[in-house]
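Some notes on the structure that comes next.
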Amino acid sequence: ADAPVIGLITKTETNPFFVKMKEGAAEAAKAKGAKLLSGAGKADGDNAGQITAIENMIAAGAKTILITPSDSKAIVPAIKKARALGVMVIALDSPTDPAEATDALFATDNYRAGVLIGQYAKAALGGKPAKIVMLDLFPGHPVGAQRHNGFLKGFGLAAPDAKSNELGKAPEIVCMADSFGDQAKGQTAMENCLQKAPEVTVVYTINEPAAAGAFNALKKAGKEQGAIIVSVDGGCQGIKDVGAGKIAATSQQYPLKMAAMGVEAGVEYAKSGKKVAGYTDTGVTLIAAKAVGGVDSKDVAAGTSLCWGKK
Amino acid sequence: MSTTTLSPPAVTTMRALHDKLPPLGTLGPLVALLAACVFFATQSDRFLTGANLSLVLQQVMVVGVIAIGQTLIILTAGIDLSCGMVMALGGIVMSKFATELGLPPALAIACGIAVTTLFGLINGLLVTRIKLPPFIVTLGTLNIAFAITQLYSNSQTVTELPPALTALGNTFTFAGTEVAWGALLMLALFGLAWFVLRETAAGRHVYAVGNNAEATRLVGIPTQRVLLGVYVIAGLFYGIASLLSVARTGVGDPNAGQTENLDAITAVVLGGTSLFGGRGVVLGTLVGALIVGVFRNGLTLMGVSSIYQVLVTGVLVILAVAADQLSRKGAR
Amino acid sequence: MMMSAAPQIVMQAKGLVKRYGQVTALDGADFELRAGEILAVIGDNGAGKSTLIKALSGALVPDDGEIRLDGQPIRFKSPIDARRAGIETVYQDLAVAPAMTIAENLFLGRELRRDGLLGRVFRMLDKKRMLRLSIERMQDLKVGIRSMTQAVETLSGGQRQCVAVARAAAFAQHVVIMDEPTAALGVKEGNMVLELIRRVRDQGLPVVLISHNMPHVFEVADRIHVARLGKRAAVLDPKRVSMSDTVAVMTGALLPEDLPAGSLAH
Amino acid sequence: MSTTTLSPPAVTTMRALHDKLPPLGTLGPLVALLAACVFFATQSDRFLTGANLSLVLQQVMVVGVIAIGQTLIILTAGIDLSCGMVMALGGIVMSKFATELGLPPALAIACGIAVTTLFGLINGLLVTRIKLPPFIVTLGTLNIAFAITQLYSNSQTVTELPPALTALGNTFTFAGTEVAWGALLMLALFGLAWFVLRETAAGRHVYAVGNNAEATRLVGIPTQRVLLGVYVIAGLFYGIASLLSVARTGVGDPNAGQTENLDAITAVVLGGTSLFGGRGVVLGTLVGALIVGVFRNGLTLMGVSSIYQVLVTGVLVILAVAADQLSRKGAR
Amino acid sequence: MMMSAAPQIVMQAKGLVKRYGQVTALDGADFELRAGEILAVIGDNGAGKSTLIKALSGALVPDDGEIRLDGQPIRFKSPIDARRAGIETVYQDLAVAPAMTIAENLFLGRELRRDGLLGRVFRMLDKKRMLRLSIERMQDLKVGIRSMTQAVETLSGGQRQCVAVARAAAFAQHVVIMDEPTAALGVKEGNMVLELIRRVRDQGLPVVLISHNMPHVFEVADRIHVARLGKRAAVLDPKRVSMSDTVAVMTGALLPEDLPAGSLAH
């Protein structure tokens, strides 16, 4: 029989997170003798691009599609169509809305990832006044909102719930700016925020490249000692930055694991026709160089050994 | 004496025949499209199926309809960077009006199209009245439309639409193949645009304005009105594209349209329309949109990984136009 | 021209002024065109001839001064207004759309529609008829152009000129203005255009002809308007003034009042 | 007789004076920039500090240097969509060569710049030899450079660079303000480009080619060589921008440059250079880049939330150019 | 022209062919330019005059035929080659850059650099000197242009023509070719250009003058090359042929062999 065809659709081509995910899937596919097709939106938020990728992969004979939805709601009708054609669809990294739209979900909870670093930042700050800079993704992105609101929640501030796409506000936030998850833009955003509010004690960043940019800006202003930077992702580079003291703590996720599990499920489906179902939390771990009281965290060594699901 | 200077009938007939053929500017992209199809057909036996080709048509219908409006604007030597964002705004307006405000679907659709047409009007007024460069105007409205879309939708996707809004995404069976009504609508709109541009005075005036605006004005054509009309009609097309986009995805998506800006311009230019205005054929734009769609579909069928797809697309875009150019040189 | 009845004045301008930054192209120019005449406008390069006729044809709005058509004061805001009033103009920097065909250029802005439903409802152009009329028109001018469906940019300089002249002559209802229509034309084609100008006049339409070609001017003009430094220096009668005196007035070597008696037109 | 036709000395002096002033095309954007600065200064007392202004300069240095190359190309009536991606590739090449291959920093930098220059050369050859439209060519190389960047870097950021690669990000103190060397380099490059475009034959030929390519060819200027030169030099500028980008962020970032494409073109057009070629001043581009930087900085200082920033930017871009246009009308 | 010594031939072409799609613009045209002469080229619109001189000036590469300069076969691949050989041309569709100033247009492609370091190392242009020379050059032509630093697009049609003519006359080393240089010029300016053409000839440079203005042609030409239907129909001697016979040959009404004896130039 032909090798089973499995499609993997990421949000973009370029985010190291998704590149890792693709690598994990490719390795697993090779090991299991499956053919992996990969596709992506042109940019984060490109729902139409993902729909096109789903259609083309089905046309190419894919029986299982793994997808990290760019837009949790907007992708649902296309997934419904695919499932109606007998294709098993598994969401990776983030759920669709409603979550039942896919057969299964292998993911991290982004809201929870935010909560963890929020708690850490609150504890690490101790008694100092909270003057928070929020370096978000870009307007309208659900993951951006989930991490942002989770952080506020963990920090003990009022925040919208996990489903909201609105960025929560609080008087403790002295500056909010978009980093586009990019180091150079993160740096620019942080520089401008420092002009607005020179006394910063906590910096929330959407991901580790943005955190690195924020650190650069702080360092240039000679303020890197005074502020705690927290972030999300737990990529190998990010963990290194935690070790180097640039980032205080980050919530680590496991894209390789998600992908490998997805491919295994796809091969199994091709063999036996058995579908997986339900939510499998691939877990979030808080990685911090210095543990603080009252918040569970693992150290850098543990983070490095696990970074992005390396086994 | 006049007969001696007129050319012999043989030459006249030859030339008449030559005039009947489409100009090479349209033929070149068509050859590139066919070549791509032949290539993909040899690589994957799934490519040349009716179902797959119908799929490609569905995938390009949104960009295709946007690109009609974009063609009109580029023919007048303008450019519209706002097209995708305006389209997204239209989609949000019609889906929110139909769900939250509970308007009847037809009215909600009309409101959405009215908003995109209004944006076309604003673009047009800024270009014609204050004489701003279209690039700047539409760069501005691009940002404005994006911001309004996000603010109005609160960045939330609008779901649970009434079926009337997504009807164009439904299919009918033709010769054993499922064809989407929206794809049919796109083809009809291309036909309409082609007819108007070619067979009516208004259409010829669009070319004239792009070709030599001052001469067109001196001849007594209200160039400003032609320009304004083009921007408004482009806005109307974006509104129809909004509806197609909503129908295709089944939701009102505030992040739609972000890649359509460049895609639409690419389709127009690949189709042989000059960015300097006055030269081009709208059917070339259809071919240009199809080239992009066929590449994406064919490469996926071949199992080319997506980053290599980008690489291959880059090379092929250049090759397609280069082949066209070189063949024209040969013909001279 | 008959001296008896007071000649009817079709178009008249008084004290036209047009400035471009520091340059004053028109500096209080007067103008008068009578029914059924050919009025030649001559003058040095930069004397303001083209600017004058652009003001008369609505291509630009003068900074000051007044224009009257058939005695009524008018204000052309655009060439469309002038065209509606039946004024057709051949501009010096040929107003043609180079990528469009000759036939399309001839009918630009006055396209013919098909008869019946196709024309009324679908507004379809009658390309065949326009093509046929174009061929006739160009044969009138005896221009050897091979195909009316070729783009204007493929024509020789003189052939382009012919397209512009043919267009103006064909559609004028009231006044025809031509800015150096024979400049790029061969001897034969130039004579055809002069012939055409006479024919237009004989149909009763007055013609304004700007030209640097004195033999042409003296061949066809009923009166000669001499432009100089943005003003009208004099109006001469070609039947009573010599070519060399005309040139002398034009270049400023001779003042109009020093001309032999009777040189000035009435 | 020649004296009668020459104008009186008063007029000549007036005109000579007028010629000395920058054309309104440069003045307009400058006025818009100053107006923006005055506005922000009233809104935030931190805005007009030396440190903040020096910061803005640092933030625009990458886009600024790219935009110099883009200005050259747009002056020839071309356009370069690939600029940002080529810049990113250059940054990856120099940082990977310096770390993984362990080349001496100077050599690694040279290699990075060589790669971007090579891309310029490829763009130029396709435009001049095969006569492809610049839009298509650079759309192709945009994709190619992007794909190579991602593949070569494996989409991973390159870190732990030798200090020589980031030296331009360091600052020195001038009049009590920290100024980045890279910002100084950008200003110097603008000065150089301004000098060459204005004061040398090569520079004037760039304008001539964009203004009337055929006339320039007939006059005996090797237009193809001028064009090729412009694309190659633009590539060189992108290489320098790569170095600045690496120096600014301290890493080799495969995702750099993605918004710089449109930003650079925006800076050029905001600066008053015509997209139709032959008209514009490179210092206007600097002003255009600063306008974008000042808006972003000032709006953040005012605490405007990001989506409203997008809205305001859209409106302000239009207003800035409209004010320029209306003031010119008034001057006539 | 002296008949005694065999005249030296500067430029010669045999059997030039140029096709544009179905249109054959040159159909085996011959050409001969002698040292120190003014050769007029005349012909109907579309006769192929401009195409001929474009082939001679490297602006286009003929499909067939041979060109010799001073007896040596040459192949101009671009206008640069022709310019290097000292050939300067005024094209009919004025080759000027409209947004650039008059001075810049005059020196386009032959800019003067400053003396010393500034020029040699920094390659700085000597704008002052170019401006001064431009003013002198234009005063030679007696053109009333107010400022050499104004953009060419602000000039009147005739003034633009003067810029192109001045440029060619100033820089030619070997041959000057002018395609209808007086077409848009006023009487005064036209005569200045004729005067200039004579001066160039008297300096020893041969001039090719394309013109539709027969009086001008007869005033200055040493020989007349008649182009017809893409070929050379005849070469006439203006001192021995009448204007009307010339026009008859040009339009095909008269065959060259039917001309009175001695009309043909040697």
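Each chain carries a letter (A, B, C, D and E) given by its place in the written order, and its residues are counted from 1.
Note that in this section contacts are C-beta pairs under 8 Å (C-beta built on N, C-alpha and C of every residue); 3 or more make two chains touch, one makes a residue touch a chain.
All figures in this text were calculated on a predicted structure; none of them were measured in a lab.
Centroid distances built from C-alpha atoms place E farthest away from subunit B.
Taking the CA centroid of subunit D as reference, the farthest chain centroid is that of C. Between the CA-based centres of subunit C and subunit E the separation comes to 29 Å, rounded to the whole angstrom. Taking each chain's centre as the mean of its C-alpha atoms, subunit B lies 48 Å from subunit E.
Centres computed as Cα averages put subunit A at a distance of 73 Å from subunit C.
Inter-chain centre distance (subunit D to subunit E, centres taken as mean C-alpha positions): 42 Å. With touch defined as above, residues shared between interfaces to two or more other chains in subunit A number as follows: 13, 139-140.
In subunit D, 4, 11, 15, 150, 307, 310 are the positions where the chain touches two or more neighbouring chains simultaneously.
Taken residue by residue, subunit E touches two or more other chains at 22, 143-144, 146, whereas all remaining positions touch fewer.
Taken in their complex, subunit B has these residues touching subunit A: 44, 46, 51-52, 55, 58-59, 62, 146-147, 150, 153-157, 159, 166, 245, 248-251, 253-256, 258-260, 296-297, 300-301, 303, 305-307, 310.
Residues of subunit C touching subunit E in their complex: 20, 22-23, 42-47, 50, 92-93, 143-146, 154-159, 161-162, 180, 183-190, 212-215, 247, 250-251. Those residues of subunit D whose C-beta lies close enough to touch subunit B in the complex are 77, 126, 130-133, 135-137, 139-144, 146-148, 150-151, 262, 265-266, 269-270, 274-276, 307-308, 310-311, 313-315, 317-318, 321-322, 325-326. Subunit A meets subunit D in the complex at residues 13-16, 18-19, 136, 138-140, 175-178, 180, 182-185, 187-189, 191-193, 195-196, 209, 212-213, 216, 220, 237, 240. Partner subunit D is touched in their complex by these residues of subunit E: 57, 59, 78-80, 82-84, 89, 91, 94-100, 104, 108-109, 111, 113, 122-125, 127, 139, 142-144, 146-147, 149-150, 167.
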